[in-house]
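Chains: A, B, C, D and E, in written order; residue numbering restarts at 1 for each.
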Amino acid sequence: MVDTSWAAIAVAVPLLAALASLWPGRWTAVAVMAVAVPGALLATLGVVWTVYEIGVYRHPVGGWGAPLGIDLYVDGLAAAFLALLAVVAGLASLHVLADPDVKAMPRRRQSLFWSLWYWVWGALAAMFVSGDAFNIYVTLELATLAGVILVSFGHGAVALFASLRYLLIGTLGALSYVLGVALLYGATGTLDLVLLGERLVPGPAVVVAAALVTVGLAIKAALVPLHIWLPPAHGSAPAGVSAILSALVVKAGFYLLVRYWLGPFVSLGDGVATALGILGAVGVLWGSLNAIRQERLKLLVAYSTVAQVGYLFLLFPLAAAGGHVMAWSGAHLLVLSHATAKAAAFLAAGNILTSQGTDHLSEIGRASHHHRLSLLAFGLAGATLMGLPPSGGFLAKWLMVTAAVETGQWWWAAVLIIGGKLAAIYVYRVVRLGFVTSPMEPPGAAGPPRPPGLLPVPMLTILAALGLAVVSVGLGFASAPPLRLLQIGMPAAPGIALEPLP
Amino acid sequence: MDQADIYILAGMALFAIALHALAARRHLVRKVLAINILGGGCFLVLIAVARRAPGPVADPVPHAMVLTGIVVAVSVTAVALILVRRIRSATGRTDFPEDNRDDRV
Amino acid sequence: MTEVAPKQGPGGRLVLAALVMLVFAGLAWAALDRPAAYPGLASSVLDRLADTGAANPVTAVLLDFRAYDTFLEVGVLLIAAIGVLSLVGRETRVAALPPGDRTPVHGVLLRVLPPLMVVTGLWMLWAGTSQPGGAFQAGAVLAATLILLALAGKDAPRLADTIRLRAALAIGFAGFLTAALAFLMLQGGLLAYPAVGKTAWIVAIEVGICLSTAATLALFYLLPGSPADRA
Amino acid sequence: MTALLATGGWLPVSVVLSSFLTGIFIFFLREEDVLMRSLLNLGGAVLKVALGILLLWGVAQGFVYTFVLPLGAGLDLILFADPLALQFVLLSAGLWLVTTVYAIAFLEGSPERSRFFGYFSLCVTASTGIALAGNLLTFVIFYEFLTLATYPLVVHHGTREALKAGRTYLIYTLGGGMLLFIGAVWLQGLIGPVVFGPVPALAETDLPRGVLIAIFWLIAGGLAVKAAMVPVHGWLPTAMVAPAPVSALLHAVAVVKAGAFGLFRLVYDVYGIALAGAPAMGGLLAMLASVTIVYGSLRAIAESDIKKRLAYSTVSQLSYIALGTALGGPLAAVGALAHLVHQGLMKITLFFCAGRLAETYDIHNVHELAGMGRRMPVTMTAFTVAALGMIGLPPVAGFVSKWYLALGGLQTGNDWVLAVLVLSSVLNAAYFLPPLYVAWFTAPPPEARLQRRILPGWVEWGLLVPPVITASLALVAGLLAALPISPLAWAELIVALRYFPVTGDGP
Amino acid sequence: MSEAVLMLVPTAPLLAALAARLVPRHGALAATVAAVPSVALALFPPDRALDLPWLLLGVELGIDALRRPLLLLAGCLWLLAAVYARAYHRADPRSRPLFVFFSLTMSGNLGLVVAFDAVTFYLSFVLMNLSAYGLIRHAGNAEARRAAKVYIVLVIAGEGLILPALWLGASAADSLALADVRAAVAAHPLQSWIVGLLFFGFGIKAGALPLHIWLPLAHPVAPTPASAVLSGMMIKAGLLAWLVFLPLAEASLPGWGLAWVIFGLAAAYYGALMGVLQDRPKTVLAYSSISQMGLMTVAVGLALAAAPGPAHGAEAAKAAMMAAVVYAVHHGFAKGALFLGTGLTDHTSGRGRLVVVALLALPALALAGLPPTTGLAAKAVLKDATAVAMPAWQNWLDPLLALAAVGTTLLLARFLVVVAGPAANSAPGPAGFGLWGPWLATLAAAAGAAWLPFVIPAGPAAEAFTAGSLADAAWPVAVGAGVALMVWRFFLARPRARPIVVPAGDILVLLEPVGRCLEKMGRDTVRRLGTMDGRWAWLGHVLLVYVRFAEGRLCRLERRLASWPILVAGFGMLLLLVGVIAYNGR
């Protein structure tokens, strides 16, 4: 059945789960997950398959169709992000299910947590398939609000501060965005992104609207210097939450920027693309340098997100300069691999934190044997973050550097490469811990007993982290299907005849 | 320059003022208020845009957007306020550590 | 998080103010730019109003043309409620006016106002389809009633994190989602109301939204309150 | 059988996977599962050798093995089996088998063995991947994979020193990887996919010369790191803190050879010797290799730690391959390829012996070797054979490759190569003869000062047999160099088939 | 005899080495047996060469007119030395490594004689050289260690010189066959280089003049049987190498030939001069070897210079080559007998010792060229060769050669005096048939072997006994004997006479400090190389300090960014920035 409803179902499944989760109880969580995760995967498969079959398509909500109604707009990019969402959130759900921190919450609170969890999921799914500027605002707020509350589930006042900061800054971004949308509507009379592109006549209102939209979304995407809310929020949230926030929610901002700047805003010229690229480059360096000097594992990973998001922004100048196909493929492959890797890294960090009660690097080394599977997952994820083969990150960087070379824009290649090396430094700081002969281990060939003071980590949490890490590495080999998917409905660069890839 | 333009300018002004408040006011509740005013500015702009429609009836689409936006703003405000309260009950503070010169968490 | 924040001198303030002014200037510049002909959807909405289940264009947009936005917006409200529930944690206590603060006026008002408010709310809900008003407004009025009662400390429903409360909070969204999915299955489109009985559907959904809104808004106000906070 | 041979691309894939899957399984074994782990290890190693031979046979029968995995966006992962690839595959696989036996014995009773053997298998996977890589991208992928898989082995002991060495290793190799990456992407960006094949990718290029030179040096620079060429050799000696089997297989064969092998691919498959022979490329590379040869030898003389000395010797010897590659004549190419195998056999023997000495008598220094000729005659004989081969004395294999390198130098008109080789031989003698002298001609210290560690019998054998085998192979490879199955003959075949079809018939 | 037996020439000693390692008691026996195939082959040579294309880079073994006498010499000497060694080392606790090295050296030495290709020759040469280290160092005392060190340094230096010559030759020849290599060298553009490298590279082995220093050190310390083969045959390897690698009979190089002759004559005189100033019999013999090798060097020089004229160039060169070979055989047997006899003097006393010394005079006189010994014939052959090859040089070369014979006589007189003197070492035990037997056999061989028809052709042999040549040969001996007597009478017979004694190794005494200095410099340089990495450590520290500093800045900046005014300012600025850019770009 080639049916455009799959997109709607992909949105509805997590929302249903969010509702069902409100019934407190451990078994609710298990049952909901048992249905929701496969359901979401199935729906996503349906979307992907549909896109393969019929290409870009719309699902008019309420049967009205744009501009009057809201359309779900599904192209390869949306399908790829949906798939990413299903995989990352699905595996992270497993982690949350087994996470001792979550299990330690009161039953009712747990059910609220789960509900919010699926809300983030549903909001992102809705955002990825949304074709309407204002609808996007609502989904943005949904995701932000749910995410903010999830962050507040973290330990201590730091989490509360982080949560509030995230909420205020996030809302600033969302409102900036909505103001931009208001101006756009005033200028064009439509909210549909495609129609917007057709009707856009660059004038003062449109220019300012573009600025508002861009900066608003840049906040969501944690583009330097508007990244400041991210490290504390991602660093203090529960592990699973950090994972999806870093892997997906932040990417959402980028996703929307791509929708706008490779969509309706194309007629505003390359300047902004270059500016975004420069900010992204600064983000790469700034985030990496800050990650290097962190003493806490989760903060390190969080700053790494700032850096990694920076890479993505290089898509704009590269695409604008005509390195279109390569940059498009590369940046989005980077999204996929980074999301999986970052989720794995956060889950691994969470395992360590849960087990040892601290995620200070100096402490982790003392019980490295105990954490070795988590550290292995971190290491695998690290390979992607560094852009080392065989991983998705490597291939993505290869493509992006190729785009830089092809368009003669060396400096972007330099950023990619220097960023990779900086990533190597901070990943190394963690991975080496896995090999420290830890004083807490008694000598002997057999596996040492768990040192005192360490909590056992459920195997499922480790498997979730490892699974995500393996996916991120595996993307280096199985990159053909996602890349093919991403080509479907790829926007054409201005003035560049789009050559379909073999 | 008509009525709608005045409203729209007022909305923009609210936006800017709220922006300033968000930066300059340290008290958390004031920041929440700033966000609210920020939202108010946006909604005002939307209403004003709707009013530009020719004819007696304003464009209902921005109105609907405003309604939606208000609900969102209410929700955000609620969550923000309860976070403020939680922060106060947990730490006794009513401002962000990064905004305060000599307080520590 | 132990670092000391940088000092913000008068120079800094000036710069900030200047910057905000600049931003305003830019915004104003944009605000005054308007297309020759209004491009909006006003006329198309009016053209298609008959096809919707609502007589009021705003309601038509809200619950039919752009019902999807509203659907998600109800979700935002639900999330906020969940957030409040989760953040309040154990301090779920109904706030009430201390008995000593009561005056006779309170008694009269409490007897007169709530029924009036409920009626007003219901009317707003009902009128929403054809006139300004609607589920959210109605819900707000109902919530106000609850808050008033609670403040007065009389006949106040105990707000605690119970299944019933959750059901009340979620019913608006649940109803909306059920309808959306049902229409998806029946009509092949998300939120595609069947042509027959559209208004009824809309009203039904609105009732749910109204209930949830009322519960949520009441929750916002009532649940976090605690004597300790108040002091 | 033919059905097996006609499996197309899956045979090279299975060669790569045979150790990969083994490694993955081993990771999940418990420390105590010695038997299971050993069986898996040996099984994987034997399987790999068998598959390698099968592949060889298939190629000899005229089957073509190419495996293409599209990665999207016009990129492909290609594994293919040409004679050159097979040589490196069989070298890695064969020596992996031997080293596995050695390592099982060597690590008996030490902690973290599952991790060790897991990564060990991954390393071999990477080096076979490098060997079978059919295009530049695949090569880069496996090359970096090798970096990652080796790191855990370098820091295996987990001591401060080991971690420091690991860091040094990473700094160098990741830096090298970066250069390689830049060069490879640049090249691909300019000319599209760079496939290794009969016709060099840049055979008919019209790229500006400066760009060609820049790319050449980016890639060569990246490869030179693993090939431990001066001035980027520094990681190799410090990496010697790794356990002996690691030093033996990886730092004598798999890792460092990956660099040398890559250089060969670069010069012959990517640029083509006609282009790469230019003074600014091949010429300079040859100079650099010569400097490395001499410098490594000098440093080896200064080191009295056996493994360090061997490491610097590796630095020096590896550049023979680079030199032969860079010189660019058929004979030099034969020399380089033959040395690829010969040096591996000899150096692995030396490391095996060094490890055995360290395990049995806790000997780490050249001066402590006194009397070992009498105490451990077989081990020391193997050591002697390999050491003499390193000096380049007949009839050990090292002589043969040196001979071809010299003739290659003369053939291409680079007479100065003789001076380098002679100087190197003399220096080699200067650092290899003293240990031999100490071992054979000086009296051992009194028994009381020299405690022999009591090891289980099978451990003793496990430590003894591998060096004897490799030493014998080194000897046989030299003695029977003219036989058609010798490494030399194989090298000649490769050169004659692929690179110098007309003039490749040499003396 | 089948050519396959040729294979046994180098391999039988290898097996013997293995046997000596495994069955130490029968090391000597194994070595003895291992030499048998060589002797047999020398007597009954196969008519074809043995081609083993699968071995090494393609091995070719064979015997030709040049090699047959040398193979005979080598085989016999090794065989007799092995027999002698069996008794000589009966009580030696370290006989096991000795016989291993003995057999290995034998393998190399015999192998290079029958090698027809360059690689096999080089392999054998190296095997011989390195294994001989074990023989020289056998005694293990300080003297032996010093001798061995000097030896090995020179050997390695020699390898370094030989290898490029081989490479150049083989590369030009595109073949490994020695004949081809020689032909290629004849026409090589770098001919001078090759010839020069060959002279010094193999000259070390042949004891050519400045490179002879290891010989006087090595001979006294090596076990007697080893000294015998060392002097008797192993140093001839250098000579053989010249004969097979130099473009003799292929090209005429009068310049190089003259150089060879001059170096040869110088060695002959210098060896004699230094030899008489020694006080240990084996050292004297060593110098004698240097001196005698000088004469063979002269023969090589003649062959090198011989013009390949249309009529007889090649023939002339061949004659000179044969002269060198004949001289080598003669000298080899005689020197072997002298060494073995010297060893016997240590084991005998009284009358036995007198007999030994008396018998020692025989080979000594032979070396001096007294008729009717092989020395006479050898000298005659050499003289003939001069006449044939380089008639132009005859008038100055002949007298000089005669003068050399005077020196030889003096030297051997000195040897007899020294050997008859008080025994240096206390006798380890009485000499039995085990020592006497092989020695006597060697004496017999010295007397007779060279007369075999394939060694000295009948013509020169007969010619040697003409009156003229007898007289020619006799007068230098007489003069030498006279001078010796006078010296003894007027200087040494005096009470409190203090004979001048030059330290063994002569110029080595001057070179050693230089060598030590060089060694120290080398070590220092190398050590400095080793610490070079440390020299950049300060850079690392500076970098680290800078990084810490930068980190501090980083922290502060990140903290500033976190403050709300800055954040909002950033927001506003970005807004303006994007707006302005977009406005410009639209």
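Remarks
The definition used in the following text is that a contact is a pair of C-beta atoms (placed from the backbone, for glycine too) under 8 Å apart; a residue touches a chain by one contact, two chains touch by 3 or more.
Since this is a predicted model, take the numbers as computed values, not measurements.
Taking the definition of touch as given, a chain qualifies here only if it contacts chain B and chain E alike; those chains are A, C.
Ranking C-E and A-D by contacting C-beta pairs places A-D first. Nearest to the common centre of all protein CA atoms is the CA centroid of chain D. Distance from chain C peaks, on a Cα-centroid basis, for E. With each centre defined as the average position of its C-alpha atoms, the distance from chain B to chain D rounds to 67 Å. Inter-chain centre distance (chain D to chain E, centres taken as mean C-alpha positions): 37 Å. Chain geometry summary: the mean Cα position of chain C and that of chain D are 71 Å apart.
The mean-CA centres of chain A and chain B are about 27 angstrom from one another, to the nearest whole unit. Shared contact sites, meaning residues of chain B that touch two or more other chains, fall at 15, 19-20, 22-24, 31, 45, 49, 52, 61-62, 65, 68, 72, 75-76, 79, 83, 86, 96-99, 105. Residue positions of chain A touching 2 or more other chains, listed in rising order: 134, 138, 141, 145, 148-149, 152, 158, 161, 172, 179, 183, 185-186, 204, 207-208, 211.
Not a single residue position of chain D touches two or more of the other chains.
Contact annotation for chain pairs lists A-B, A-C, A-D, A-E, B-C, B-E, C-E, D-E, with touch applied as defined. Against chain A, the residues of chain B that register as touching in their complex are 15, 19, 22, 28, 31-32, 35, 38-39, 41-42, 45-46, 49, 52, 61-62, 65, 68-69, 72, 75-76, 79-80, 83-84, 86-87, 90-91, 96-97, 105.
Within the complex formed with chain E, the chain D residues making contact are 234, 295, 298-299, 301-303, 388, 393-395, 399-400, 403, 406-407, 410-411, 415, 418-419, 421-423, 425-426, 429-430, 433, 440-441, 478-483, 507. The touching residues of chain C, counted against chain E in their complex, run 3, 5-6, 8, 12-13, 15-16, 19-20, 22-23, 26.
Put simply, chain B touches chain C in their complex at residues 1, 5, 8-9, 11-13, 15-17, 19-20, 23-24, 45, 49-50, 52-55, 57-65, 67-68, 70-72, 74-76, 78-79, 81-83, 85-86, 89, 97-102, 104-105. Only residues 53-58, 97, 119, 122-123, 126, 130, 134, 137, 140, 152, 156-157, 159-161, 163-164, 167-168, 170-172, 174-176, 190, 525-527, 529-530, 533 of chain E touch chain D when the two sit together in their complex.
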